[in-house]
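Please go over the structures that come below.
Shared chain: chain A. Partners: chain B in the first complex, chain C in the second.
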Partner chain A sequence: MSDTAQHPRSIGRLIRARRGGSKLHWTDVFSYIYLGLGVLLMFAPVLWLVMSSFKTPAGLLEFPPTLLPLGQISVDVPGFDDPLLLFNTTMEDGSVRELAQVRRVGIVSQMVDPNDPEQTFRVGIAQNEPIREFRMAWENYSDPLENFNFTRYLWNSVFVTATATFLTLLINSMAAYGLSIYEFRGRNAIMLFVIGTLMIPITVILVPVYLVVASMGMVNSLWAVILPGAATPTGVFLLRQYMLTIPRDLIEAARMDKASEWQIYWRVVMPLALPAIAVLAIFSIMWRWNEFLWPLIVLNRSEVYTLQVGLNAFQGELNVQWHYILAMTVVTLIPVVLVFAFLQKFITTGIASSGMK
Partner chain B sequence: MTEIKLKQVRKAYGNVEVIHGIDLTVDSGEFVVFVGPSGCGKSTLLRIIAGLEEITSGNVEIDGDVVNNVTASDRGLAMVFQSYALYPHMSVYKNMAFGLENTKMPKAEIEKRVRDAGALLQITELLARKPKALSGGQRQRVAIGRAIVRDPKAFLFDEPLSNLDAELRVTMRKELAALHTKIGGTMIYVTHDQTEAMTLADKIVVLQGGSVEQIGRPLDLYNAPSNVFVAGFIGSPRMNLMSAEVEQSAQGGICLVSGAHRIDLPEIAGVAPGDTVTFGVRPEHILVTDRDNADVSVTVEFSEQLGGQTYLYCSGGGLDDLTVHQMGQMKTEKGDTLHLALDRTKMHLFGADGAVIVNGIT
Partner chain C sequence: MVPVPIKGAGTNADPNRVGPMPDTDANASLSEKLTALLAVPVVLFFRLFEIPFRAVQRVGGIKAMPYVFLLPNLAFFGVFVVLPLFINFAFSLSGGTNIFLSDRVYTGTEQYEFLFDCANYLDPQTCREDRFWKAIFNTATFVFIQVTCLVILSLVTALILNRKIRARGFFRAVFFFPVLLSPVVVALIWKWILLRDGILNAFLVSIGLDRILFFVSPEWAMFWAIFVSIWSHMGFYMLILLAGLQAIPPDLYEAAEMDGTSPERVFWKITLPLLWPNMLVVVVLALIKGVQIFDEVFVLTGGGPGTATQFIVQYIYTTGFASRVQNFGLASAASVVLGVVLFALTVAQLAATRRKDDV
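And then the complex of A and B:
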């Protein structure tokens, strides 16, 4: 920590960092290759997602795929209902003409001159070179935002994420407080029991939990998504381990200061556990935002869909509207990325240091 | 003003008893120091009084009320911890105000009390700072200030100076003594440093192994220790303690035989020839003299010249680690022979069980 305090972090420093000395050591080269590979592995899919979200449906299905959203130009030709794709066609005499493709049969395309629709040609597809232009298909974003109930889904997701995270932090920190500050017989057994529930996969308890939720009449309500997962064993464990590192003297000093248990929890332990709470908040936001299976089961009406469930609606039985799915996936990614960007330093400090001297 | 009484207090963790039935009275306004080696139970005893540890049996009384089942927060005592235990996320002001806010005191009154305590401890300019921006001595003051503002029935200090450097410790020691004079109040202070105990206390409680060895005023403990442990613990450098066999002396008295040394003493009640005793003499009660008047003759192993005084560490004739204190400067070298006379009037004699037989032989 003290190191970063002395040298303020900057991208420039970061990418020119070396083992020491002025020359590039072989371990530097190795590190950069290794790290570069890591960046590629993690970041390439995201980059591909963002680029592809701006492609037209035709551009998405094109083979070989392109990285940039290049759309093939299509033109309206009199006598044809649909716009036709435009190609540079190499003619038999070696000249190149701009022609529109009417239809394609096997390896032979029937072409028409857009300026003179009477004139048609039959050429091999090898002679056709698509004419492309760089074009951002903003409609991938605007269409679903206008036509589908996306703002509704977004609000549902935000509500579920915010409420559930708040409840999770409150309940988990209280449980952690009890399991870390108080000493009583069976404390460790209870903790083991709590952690033990991590071993149970969600698929196993899906049906029983659904029955409970259904019998409480919460199906198709956002509370059905929020409440069942409000207390998480991971959160209790994380906070409890952190609270164990808070010096006992502080708790005892607060007791001597006539603080009630609630005041000790709220005014002493919670502020001191802030790094761990921030970590749990980030995790909780990510879990809740990306949650799919459980909302899909309990939310059946489209007005209570969360974003992730809403995205699923683009996936029809017969055709999948990839361009919309990709675009909306980017939209759903944005909040998590923002949360992560602003709170990521808490993750490192929260996990790495106890925050106390 | 508060009187605290412990009656047959016992504390056990499982089957291990760590406090073995302690009786103690802390008078109102008294500065009492619990002193003893590590693990003697002094901190545990303080925490029992504070209410942070439950007792297995016996009674703790504050002003005549049994408080065994009263929680720490309701006993009305204030404690200063060894680690200071300042709330790291609160400013100095908030740290001091926290205890008062919990009692629903009006804001103006809190402000006044915190300012007053700040002025008393000279930390007024630090009130806005966070504890991490304070030095050790300043943190110590804040911790004391946090206790003072509460106007508690009694102050409990758990080794408050042990995290400070030597110089600051001496300064803070003086300030604590001055503070006690100024605000009065019953204070209980735990330390393993006998110098702190001697300088601060109205009354010292020497503890060892969970039992009280002796209770008394500092100089009483120094002059008349009731057993070998107290004799060795109080005083720095420690008292020279040597084991000896008692023999009949040719002059009609008795003679202590320790190795090659023979020390003639008059007849003493309770000491008979054939007994094994421990005799003790403090370094400052040993005189350097000539061969004819000497009780023992030893060789200098090592000397410490402090300018104003000299400590000589000697051995010989079956005596190890005999410490001699001399005022002023004294030219000696390793290997020099010293002839020493022991001051009989300041000599202590302990029986085989460690209990004192006589303090000062006349």
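And then the complex of A and C:
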């Protein structure tokens, strides 16, 4: 697309944008308002997720929520073993002092002046206002990775994504090679058949695929997730369209040089088809990393959960631990953001040229 | 979905290049490094296959080779698509809770009769399997509203992004990126916003309104199910429409401008007719996707409150896998019904694509 060459320009120039130097037309104003609202609506929810993921459980319970993750400051006071929480306390005479809380009994707090530990006060908790600072609760990230099955889920997802993508690229490129390089009886019929399988999404054949997987003894194994979707009609179609453009002469020349058909496939055609293979690889990674319904059906034991299924199980628990869920959602999001940041051009061109995702 | 060459795909591709993909010059250094890193095991892997393939070629000659190359992929299709398609019918004609066909009882069309046993088809309450009909009504409502809004919004966005806009690439990326997020992540992002003590309710309270329990009210739950699915999918359809818009020859607009044609007339007489093929593709693709809605809504609302946001795929999932008594036969029968709907939509898509080629 022509605009990919255009670099994003500074906000200042964006605001001063004009059509041909003339007065700002109302449609221009409308366009920028629409786009501005769009940016807000698309980005703000993700930003809110990331900011919330650094809040402590107590911070998450607050209503109304604070914008930034905050933590209460605690101080070391001589004579006390543990650090004490710091409060702004309104005294009886109306003045406000910075005091540390020693203990709390019911609605009464026993306070101490951190600078002068001899001085103690008894105040109602309503008079205490916590003193807080910007603090990120990294433990939301480290705890689940250390203590829960989350590392397991992460590994399962990585394994499924990598293995399935490799398998898809291999068998799809072989099929595409067979369908594009050779003239043989039944070629069109097979192509039609491949395209026909597009009409049968997994949602239509959930039960029988489960039967096939079960009779292979693969229920609760990651292979049950990897294998059924390995052959993709999209991939065959995409690669074949690309391989059709490879000049026949190259293949004839290789045959003259006594290259075997397998050698032509992996030494001549595959390297030439690399751009299309890259597009399919990105698609496959996205499909597999994000896949939900089929793993949900076929993986019933916690140790084989993928990230998506694990996240769903976490949020369905009776006692939802949002601080962990939010952090793990961010972890799940990271690979996608990376792929998007570096390979956006590939993805958009791939979708625009195939009409599929 | 049947792949359709989208009008405008790779319109500004370098004519000297071989294929329709973007050139990789910009990523050359990255891909070179990656290649070097991956090369060793990959080369070994492909070398390993050289011996059997050479042997096959010696025995069968070059004529046998296409079949050999096609075999693995077709085997996968056979085992995981074609075979299941037939088993699906067998399942839908049998009863019981056993998964293996040999243990199941043949019941004829009983499952279908059960699904379609209604006193009044317009009122799910009067059906024997009211959950199925509720799911169908919900799906119909969802698809109708979602597809309408989705198409209008992606058209408006594509039209705006097709104007002479600063930072167009940036804005396009912004609208597109939710497409790549996983449905589970999308649902969790919005669930966190919409909770009782979420930021949206905080906003409502701050402007003096009452809190709304979004997941307790059937109407709100449906609204957010539609909203969230539009939020996450709009970028995809916008991209297809944008490709179509950019394929419209600029001289048409120049001619219109010289004739002093009003912008509204340009839109109705030039833009929309020329974009129509892409519009049809978008509508049908959105319909096919919409009918199969499950992931994000299931995580967001769990189908609730009650069955207010339970859709047809969730009905199949619940009936076949998530309830205590796994009713595979009934789930298969419902799958067949869903399959028929999708088949009809795909035929519509093919017809639309054919008309597009004629235009």
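Keep in mind that, in the parts below, the second predicted complex is superposed on the first by the 209 of 357 C-alpha atoms of A that agree within 3 Å, B and C clash if a C-alpha of one lies under 4 Å from a C-alpha of the other, contacts with A are read in each partner's own complex, and residues count from 1 in each chain.
We adopt the following convention: contacts are C-beta pairs under 8 Å (C-beta built on N, C-alpha and C of every residue); 3 or more make two chains touch, one makes a residue touch a chain.
On a predicted model such as this, the values are computed, not experimentally measured, just so you know.
Asks: Thinking of the overlay built on chain A, is A:Leu272 touched by chain B (first), by chain C (second), by both, or by neither?
Replies: both
Asks: Does chain B (first) or chain C (second) touch A:Leu41, or do both, or does neither?
Replies: Only chain C is touched by A:Leu41; chain B is not.
Asks: Scan A:Leu169 for contacts with chain B and chain C and give back first, second, both or neither.
Replies: In the superposed model, A:Leu169 contacts neither chain B nor chain C.
Asks: Tell me which partner A:Ala254 touches in the superposition: chain B (first), chain C (second), both or neither.
Replies: In the superposition, A:Ala254 touches chain B alone.
Asks: Touch test for A:Tyr182: chain B only (first), chain C only (second), both, or neither?
Replies: After superposition on chain A, A:Tyr182 lies in contact with chain C alone.
Asks: A:Leu333 contacts which: chain B (first), chain C (second), both, neither?
Replies: second
Asks: Would you mind checking which one, chain B or chain C, touches more residues on chain A?
Replies: Of chain B and chain C, the partner in contact with more residues of chain A is C.
Asks: If I apply the document's touch criterion, which positions on chain A are contacted by chain B in one structure and by chain C in the other?
Replies: After superposing on chain A, chain A residues 247, 260, 263, 272, 274, 356-357 contact both chain B and chain C.
Asks: Name, in rising order, each residue of chain B that touches chain A in their complex.
Replies: My answer: residues 50-52, 71-74, 77-79, 81-83, 85-89, 98-99, 102-103, 132, 146, 150.
Asks: Which positions of chain A touch chain C when the two form their complex?
Replies: For chain A paired with chain C, touching residues are 1-4, 6-9, 13-14, 17, 19, 27-28, 31, 34-35, 38-39, 41-43, 45-46, 48-49, 52, 61, 63-65, 170-172, 174-175, 177-179, 181-182, 184, 187, 190, 193-195, 197-201, 203-212, 214-215, 227-231, 233-234, 236-238, 241-242, 245-247, 260-263, 265-266, 272-276, 278-279, 286, 289-290, 292-293, 296-297, 308, 311-312, 315-316, 322, 325-326, 329, 332-333, 336-337, 339-340, 342, 344-357.
Asks: Using the touch definition from the top, list the residues of chain C that touch chain A in their complex.
Replies: 1-6, 8-12, 18-24, 26, 30-31, 46, 49-50, 53-54, 57, 62-63, 65-70, 72-74, 76-77, 79-88, 91, 99-101, 156-157, 160, 163-185, 188-193, 197-199, 201-202, 205-206, 231, 236, 239-240, 242-243, 246, 263, 281, 285, 292, 294-295, 299, 302, 313, 316-317, 320-321, 328, 331-332, 335-336, 338-339, 342-343, 346
Asks: How about chain A: which of its residues touch chain B in the complex?
Replies: For chain A paired with chain B, touching residues are 247, 249-250, 252-260, 263, 267-268, 271-272, 274, 356-357.
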